[in-house]
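The structures come next, written out as structure tokens.
Each of the next two complexes has chain A plus one more chain, namely chain B in the first and chain C in the second.
Coming up: the complex of A and B.
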């Protein structure tokens, strides 16, 4: 990929955390249709391979921009920040403490369907927290305070993971 | 992915799960996390005046390898001096538990936790 052609420009979108989802989906579908490997003339193996690679890139780009967390990580990577490399000094001790407490609350929810109400309340609390922290992420990114942005990103990783854990616990209780 | 028998043993029968009073000047607390997996680990040590770790407790929310790494570490550090405990490497944990390459980071987390707990008790005593 040309360095100038990041995932946002690929879908003709501005490079920002807030994303126009209908435009993202519409542009993705149009590009995917245009580069579909079946459109390549039979026998042209090089063109077929290029189309497959293009299609895979589009899928990857779409998945990255569709998920808020993946999009946030991608914006940091575009800013030259390695989000894979995490040292404990990148994590806020207060966030770890809070995560410990939240995980305890999830673990302490009563077994079976009795646990559904407390889990729903926790999920709502975490969902609200995610919104607040996403706003903080955008503010820190716009201010180009990258170490603060990275910290908030890692907090969001914890929050999204916890959200998923609660959903899994809910599904298990409901016997899915 | 198949867990080794040792990992399963620590996962099913974790040693030294619990919490110590963080206000105690002889207690050091290490709180660490792995945001990509959502794991959080709290490891605490109680240190004698002679600098020997008398007791260790942990609580880990995470995968089997993270739980096993911290459980094993609490067993290992008991009876050791702070310097001896500092010398424990994540590779020792990974080797003992037979962790596969994709789970090595769990043993790194445990090493980070004991280092943080040691630094905490040293800071408390120095203060």
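Coming up: the complex of A and C.
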């Protein structure tokens, strides 16, 4: 993708981890309003196809920038860093230990609805750790310390994944 | 972009004649058609003033096709030539229809494939698309009479859980009826549209749709004319009929009930339920015993059903990442929401009175009519936009009979997502692609939508080819899939138009069991991954022994064979742990042989043989 056509510029936003969410949403909706296939519902197939492609791109771009993790990964890709390739050796032993401890805490939550309160507390704890890592990510990215940026990104990936697992566990306990 | 500008040079075209477009609620029991009449969009009545058209088609002896109330009257007299509930048959195979167990008083056409069932009538073989087309034709004729002109397009509503096959067949039926489909619209979304434009609201909306047999809940957000569906959920086995059954079961325990048949009690239950929608208490008799029932008693009886519905609301809110206090409006759809107990439960959960000013039976058709008016171009562009989501995840089968999700559920459509896959065996020149729908990890637990094959992959070592698989879902929720080998550009694609689809209840089961089975899925995944590793190693060793048997030391071949046999046996019945262990053992036993091969090849390369030739072995 041409640098001038990245997802940030698509929504007239600066290329940074911190995004102005109301502006992102407003710009997304305005652009969708202009390009959605519904706007050419009575038109010919070529116009419809072009609209589907444009509208899909906007949906994809919006979903990427809306999610902090996807946004971080996208920033790394824009910086030319391969986010897929990760090995355990990229991670600090202290981080691996932290991950193990967090996993144990999740596994130790009592079964049924009794586990909801400890899980909520864990979510808060993980939320706080995510905030710290996101700040570290921004700092490393700005300093162009790419290996550090990538390492923090993988730590974030783990924390978000654990967060999702806790939510799934909560949903199971709630009978959803 | 240039094309779009040519369409509207310098802004809006001069106000032309009002173009005629309708909204159609093609229902299981009843259907409706609506259109703009003056300032408001309203459902259109027939000559007798009836708005609801029973979704029943009768093929008469004189060749006439009778649709609606007159056809319904023939359902009992001439059942084999009178088709009811064609919507339930859309997108299903004959064996699925029989498995669901609906009463089917029809003779099915034995010359048709199982996947394309059709009913033998005196007017010939009729599939659900043809029957739906007859209903749509009747609605089209009604609208053209009322509006005094030809229709230029229609918006047709479908349940949010309709899959690709069901959506595609709905479109096919419309085409057969001579209607241009501007858009298929999800029913709950249509209901929100019906309220959304009347008031210039901004905020989050819950659409609570409780019909006769199904429950749908959708969470939408509305900002300056843009509707965004955040999440959909529901239960295809929860509806007004369940309240009847519950009340009938209670009646059966009351004194005097033994004087009545089960059917009579069910009928009484239904009529009591209706009366309680207007009266606070009803009096009735069982045998010679007088009884009374209050709304409160009924609400207590219905508590479990109501809490199930409320639980599903909470779950959808969670999917939408919204709290109860962030909901600004609740829209009620479906006749069953007339029950005060339902309204109260909804009001209590969301802490606000639901919107009820539009008839819950007509609100979907009205919303479709509004959308049709917008899409045909009678309203200016910036007014209104609808962004819908996929109800179920879409993915592709990967090695080990696992499903790799490519588009997760609740993704905004249209959407295009690509993922890269690679070859599994050396020299593989074709790849079979299996398109799946569902939330579970195992192929067996998801729904097969389509299969196709990508050919012409140049022979390479396993893992070297890059196959890009792209999923595209359009604004109607219909999927097409393409695959391309990126090095050579070999291409294959398919529009997913399977001959039959998912039973709606199956979809719900798939959603529910995906959560319940997350753990089992993880175990299965590790087992399948271990199997893939094992098979790859066995294949690699077989290939290596075939080429370089002379490099084996005495007894080594036999040891390798034994380890291969043990691993092959574990493939049949072993656990993932056993497989991992035996794969490691085989790796270790064959390690020296592999090292000798490597040395020999390097040696040859150094002697001047080309690397290509070494690799091609």
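Throughout what follows, the second predicted complex is superposed on the first by the 169 of 176 C-alpha atoms of A that agree within 3 Å, B and C clash if a C-alpha of one lies under 4 Å from a C-alpha of the other, contacts with A are read in each partner's own complex, and residues count from 1 in each chain.
The rule is short, and it goes like this: a contact is a pair of C-beta atoms (placed from the backbone, for glycine too) under 8 Å apart; a residue touches a chain by one contact, two chains touch by 3 or more.
For clarity, every value in this text was computed on a predicted model and none was experimentally measured.
**Q** With everything superposed onto chain A, say whether chain B and chain C fit together or clash.
**A** clash
**Q** Considering only touches as defined above, state whether A:147 meets chain B (first), chain C (second), both or neither.
**A** neither
**Q** For A:12 in the superposed arrangement: first (chain B), second (chain C), both or neither?
**A** The answer is neither, since A:12 touches no partner chain.
**Q** Between chain B and chain C, which makes contact with more of the residues in chain A?
**A** Here the partner covering more residues of chain A is C.
**Q** Just chain B (first), just chain C (second), both, or neither: which does A:103 touch?
**A** first
**Q** Under the stated touch criterion, which partner chain does A:67 make contact with: chain B (first), chain C (second), both, or neither?
**A** In the superposition, A:67 contacts neither chain B nor chain C.
**Q** Should A:158 be classified as contacting the first partner (chain B), the second (chain C), both, or neither?
**A** Only chain B; A:158 stays clear of chain C.
**Q** A:55 contacts which: chain B (first), chain C (second), both, neither?
**A** A:55 sits against chain C, while chain B stays out of touch.
**Q** Let me test your reading of the model: by the given contact rule, A:47 touches which partner, first (chain B), second (chain C), both or neither?
**A** A:47 contacts chain C only, not chain B.
**Q** Could you look at A:36 and tell me whether it touches chain B, chain C, both or neither (first, second, both, neither)?
**A** In the superposition, A:36 contacts chain C only.
**Q** Is A:124 in contact with chain B, with chain C, with both, or with neither (first, second, both, neither)?
**A** The answer is neither, since A:124 touches no partner chain.
**Q** Which stretch of chain C would you flag for clashing with chain B, going by 399-407, 417-425 or 543-551?
**A** In the superposed model, chain C runs into chain B at 399-407.
**Q** For a test of understanding, state which residues of chain A touch chain B in their complex under the given definition.
**A** Going through chain A, the ones touching chain B are 84, 86, 88, 91, 93, 95-97, 99-100, 103, 107, 153-155, 157-158, 161-162, 164-165.
**Q** Under the definition above, what is the set of chain B residues touching chain A in their complex?
**A** 31-38, 40, 42, 59, 61, 112, 116
**Q** Given the complex with chain C, which residues does chain A contribute to the contact?
**A** Listed in rising order, the residues are 25-26, 29, 32-34, 36-43, 46-47, 50, 52-53, 55-57, 59-60, 62-63, 168, 171-172, 174-176.
**Q** State the interface residues of chain C toward chain A in the complex, per the touch definition above.
**A** 3-4, 7, 152-153, 180, 182-183, 223-226, 228, 311, 314-315, 318, 374-377, 381-382, 385-387, 411-417, 472, 474-475, 515-516, 518
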